[in-house]
Amino acid sequence: MNDELKSIWLKFFNWVMGNGPRPENEVLPPEPPPDLPFTQKPHDKFSRFHEATLKERYNQWLEIHGLHIFSILYSALSILTCLVIVVLLLATVAELPPFGHERNPANNEVIRRYVEHGWHETGAQNIVAGLILDYRAFDTFGESSVLFTAAVSVLMILGNSRSSKKYKFKQLHVYRNDDTILRGVAVMAIPVILMMGCVVVINGHLSAGGGFAGGAILSTALILCANAYGFESVRRFFNERIFIVSSSTALMIYALSKGYSFFTGANQLHSIIPKGVVGNILSAGLILPLNICVGLIVAGTLYGFYALFSEGDI
Amino acid sequence: MAIIEWLLLLFLIVCAISVSITKSLLNSVIIFMSYSLVMAVIWVLLRSPDLAITEAAVGAGVTSVLFFLALRKVGQLEHKKDEEEKE
Amino acid sequence: MIDNMVAFNIPFVSIFMLMIAAIITPLLPRKKRIPEKLSCLVIFIVAILSAYLLYALTSSGQDISFNFPMGHFPAPWGNELRAGPLEAVLSLVFCVAMLLSLTGNFSSTAEDIPASRRQIFSVLVNLLTASLLALTYTNDLFTAYVFIEINTIAACAIVAVKEGPATTRAALRYLIMSLVGSGLVMIAICLLYDLTGHLLMQNMHGAIQVLMITREYAMPLTVSLGLVTTGLAIKSALYPFAAWLPDAHGTSTNASSAILSGLVLKGHVFTIIKIFYRVFGLEVIHALRMDTVIFILGVAAMIMGSVHALKQNNIKRMIAWSSVAQIGYIFLGVGLNTVAGIAAACLHIIVHACVKPMLFTAAGGLSNAAGHKKELHALMGTFYVNRWAGMGLIAGACSMMGIPAFAGFASKLSLTLASFDNKFIVWALAALATSSVLNALYYVPAVIVILTHNKNNPPKPAPVTKLYKFSMFVFLMINFYLGLFCVPLLRLITRGVNVL
Amino acid sequence: MLENLLLNHYEAAAVILSGIGLTNLLLQRNLIKKIIGLNIMDTAVYLFLAAKGYVAGRAAPILIEKAGGGWLTSSSIYVNPVPAGLVLTGIVVSVSVTAFSLALTLRLYEHYGTLNIDEALLKMTQEQEELEAKIEDAEEEVLA
């Protein structure tokens, strides 16, 4: 029994350390250069009297042992830093308000208003959706902009490497006709995934989920489609142009509708957007259209990341 | 219930440490993926279903896929280089 | 409150205009450099709006500042923007400096960057300006975090916009240091939220005052202040954390270097000032001893930045290290921990935001005249080829040395005056003097080199566009204006700090 | 102190994790591991925030329907929704940053064939020296 446990532990340990049997395609970190062998030639008899100065000796010693010592120092330094940070933060945590207590400073009048009046002020059943898309919508607009910024930056850095010969990356996915199993699964799975993504997006104000989670689910359907039928077939309905147009348009609708709401709110004008009845699909004012916009942006962007990383083009 | 919480938190810490010490990049990405999944479970325990769904879809899904793709690309180049050297 | 409804909406309108410009730019045609022209136009409009806001806030003679609720819910339930004279001045300066950095380097951008990337470059410039304005105006700590992240990604991307291994490496290094910084800021925001239960600055301030009186949670408060300061100090390249800066600012295209050095660092410094002044309050900062730390780091940065700059042979890297020294001046002012010190620091932010883009634009013009070489000895005699760039470099160097009638003199004078009623006066004056001498030691040789006639290998005359001359002219005018008429500006800033 | 730590066990675990992640981000020399470290740090901070929103014995912040119609809206039923909102924003930010930094890493690998940022610097200086040597040779040839 004990031996079995030991062998299991050994296997796990080897796996963690990366010593176990490896698949062929596995990626290894570049090997550190081996310690320099003693390349110094033996001194001939005449030069024996030449005393190496201290500096020369030090340089020789450094050449031979420097890398090793440097790596040891490096690890020691990292462990030390880690310990210092952790101990400092642990000392801080020990003084923080207790976990899960209802009289903590964070549970104040702000939270009470969100919970008690959020449903008629925003019209959303999911308090978190009302919070991020109505009370604190500016943050969420910033968040979508972060995603947009990352999307255009990645497009700039990795884009167009399929067409130009300058870069070495080859296409990873070679379209194969004989992958019937994957295609069979994809035919069944893609509609289900799409439907589930849509449900999560559309019910964002009623239940857990919302635009971001739903968009991520939608993007997996696109990724599966690309894997089963090749990137070319996805490119028929979703290419770089459509990617840019759809994300920009969705973000634009988001910005304009939320801008209208900010403007009317700050100037105390009457907003024409109805709140609806809490609990219905068509309720919660702007939250439903905003969730759909966010879902579109996220689905497009995440699929775009996938395509850019694997092919260098959308 | 409390024991499960402790076990999950301990698992997270073990994952984080093994990510830092493992030598194989593929292993560290796989460990990170399981870390994200356990994090999603912890968020369910902390009564935040929105976060759990998002983390499961994004942390364990999309982020790990991006890491795998990056590794694959690096590995592909490595193989290509080997071939060139053989030739 | 403010009665003028147009001025009331300006902070919101300027941020949203820039955001919307960024969003539609990918849809525009690439021909005739339309995307870049659009972003210049939008930034120009925002500059005019900010100038109007400044006029509306100060014309009545009273110190006015107002809150702009983002949405139908007032604070502490929704997000808020806040604008006063100081915010208006800063946003005006940011827009003007951004605009001039773009127009001054219009032709060098076209040489360095292919057309498809230039479109995305203008998207990133718009986003960067929007995030700077949002950081200036925001009244909410979490909104600040989100826009810091936009700022980080956009800043790293405009380093990487010029193709090539060196820029990629520099951008990656910059990104990693920035991410460490934003991670620390995020931890600090979480701690502060847990201690106060608010994210809005003035509510946090109230809660922290109560905590200081009851002496609860002293340790977490100190740690969170330390973390947020360290995080933002990494992003604004305070000395021990500035190793990433010369690579990033030295290798990128001229417009990017000018924007990064002149503006991006300043956004983070101003965030630190806001957190010190509005969230914690000067007494709390003093009680937690953070002012001394900041002061010492500022002095170290002033000296060490110049020492590093002395060693450089590449002119862009030299100017980049000089930025580290100038950031030290700003932190010196913040470390004095008085209203006068913070006003002097803000004046130095403005001065540096106008002078550093001018220096980078001038260096770009000179190295263009020397056949794209950036080594100092290669620039010999380039003054006589591109006189506008030469004059820009000379004026910038004079300004950095603190010669009277140039912009840098004004801020150094106000820093000196601010340090008079402080216990660190000797140290502050010694540091100011040493740093000025060190500045002279590396700027004067550069000026001498470009003024020496190169008889063996004279630089070939390169065409200088009208836009370049115009931008350099405006830069020089701003420089002299700041040097000669800084007193009303300083008074305005002091009023702004009082209602910050 | 130890009792407090046991009481705040979620926060304690979160700060340990964020310390590990931060150290990885700062001191690992492999870029992919640095980025994984970044992700660990981010999720750890989010764990900290989510733990701060939890209140013992309360339900998730989605309104529950009353038996006879209408909604249960007493604030003593639901946990704090603010941290959840902040963390949602944060997750998006961290996935964007991850994608961006991985893209830069791939470009670096294309140029230098290494994932180590210090080795890249070494190779860069070597390449520059070789380039300068070549230029000098060419100049000498021209002169000759």
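Note that the chains are named A, B, C and D in the order they appear, and that numbering of residues resets to 1 at the start of each chain.
Throughout what follows, a contact is a pair of C-beta atoms (placed from the backbone, for glycine too) under 8 Å apart; a residue touches a chain by one contact, two chains touch by 3 or more.
Please read all numbers here as calculations on a predicted model, not as lab measurements.
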{"item": "Which of B-D and A-B has more C-beta contact pairs", "value": "B-D"}
{"item": "Closest chain to global C-alpha mean, per-chain Cα centroids", "value": "D"}
{"item": "Computed distance of Cα centres, chain C from chain B, in Å", "value": "38"}
{"item": "Length of the line joining the C-alpha centres of chain B and chain D, rounded to whole Å", "value": "12"}
{"item": "Separation of chain A from chain D, taking each centre as the mean of its C-alpha atoms, in whole Å", "value": "8"}
{"item": "Shared-contact residues (touching 2 or more other chains) in chain D", "value": "9-10, 16, 18, 20-23, 26, 28, 30, 51-54, 58, 60-62, 82-84, 86, 88-89, 91-93, 95-97, 99-100, 102, 104-107, 110, 115"}
{"item": "Interface hub residues of chain C, defined as touching at least two other chains", "value": "142, 146, 149, 153, 156-157, 160, 187, 193-194"}
{"item": "Residue numbers of chain A (touch at least two other chains)", "value": "29, 89, 91-92, 95-96, 104, 106-107, 110, 114, 126, 128, 136, 139, 142-143, 146, 149-150, 153, 157, 168-169, 208, 210, 212, 302, 305, 309"}
{"item": "Touching pairs among all chains present in the structure", "value": "A-B, A-C, A-D, B-D, C-D"}
{"item": "Contacting residues of chain A [partner chain D, same complex]", "value": "29-30, 74, 77-79, 81-82, 85-86, 89-96, 98-102, 104, 106-107, 110-112, 114-117, 119, 125-128, 131-132, 136, 139-140, 142-144, 146-147, 149-151, 153-154, 157-158, 167-169, 206-208, 210, 212, 278-279, 298, 302, 305, 308-309"}
{"item": "Chain A-facing residues of chain B, complex", "value": "18, 21-27, 31, 48-50, 52-54, 57-58, 61-62, 65-66, 69-80"}
{"item": "Contact footprint of chain B on chain A as seen in their complex", "value": "15-18, 22, 25-29, 126, 128-129, 168-170, 172, 200, 208-210, 212-213, 216-217, 219-220, 223, 302, 305-306, 309-310"}
{"item": "Of chain C, residues touching chain A in the complex", "value": "5, 8-9, 12, 16, 19-20, 22-24, 26-27, 68-73, 76-79, 116-117, 120, 123-124, 127, 130, 134, 140, 142-143, 146-147, 149-150, 153-154, 156-157, 160-161, 187, 191, 193-198, 207, 217, 219-220, 223-224"}
{"item": "Chain D partner contacts - residues on chain C that touch it in the complex", "value": "142, 146, 149, 152-153, 156-157, 160, 165-166, 168-169, 171-173, 175-176, 179-180, 183-184, 186-187, 190, 193-194, 199"}
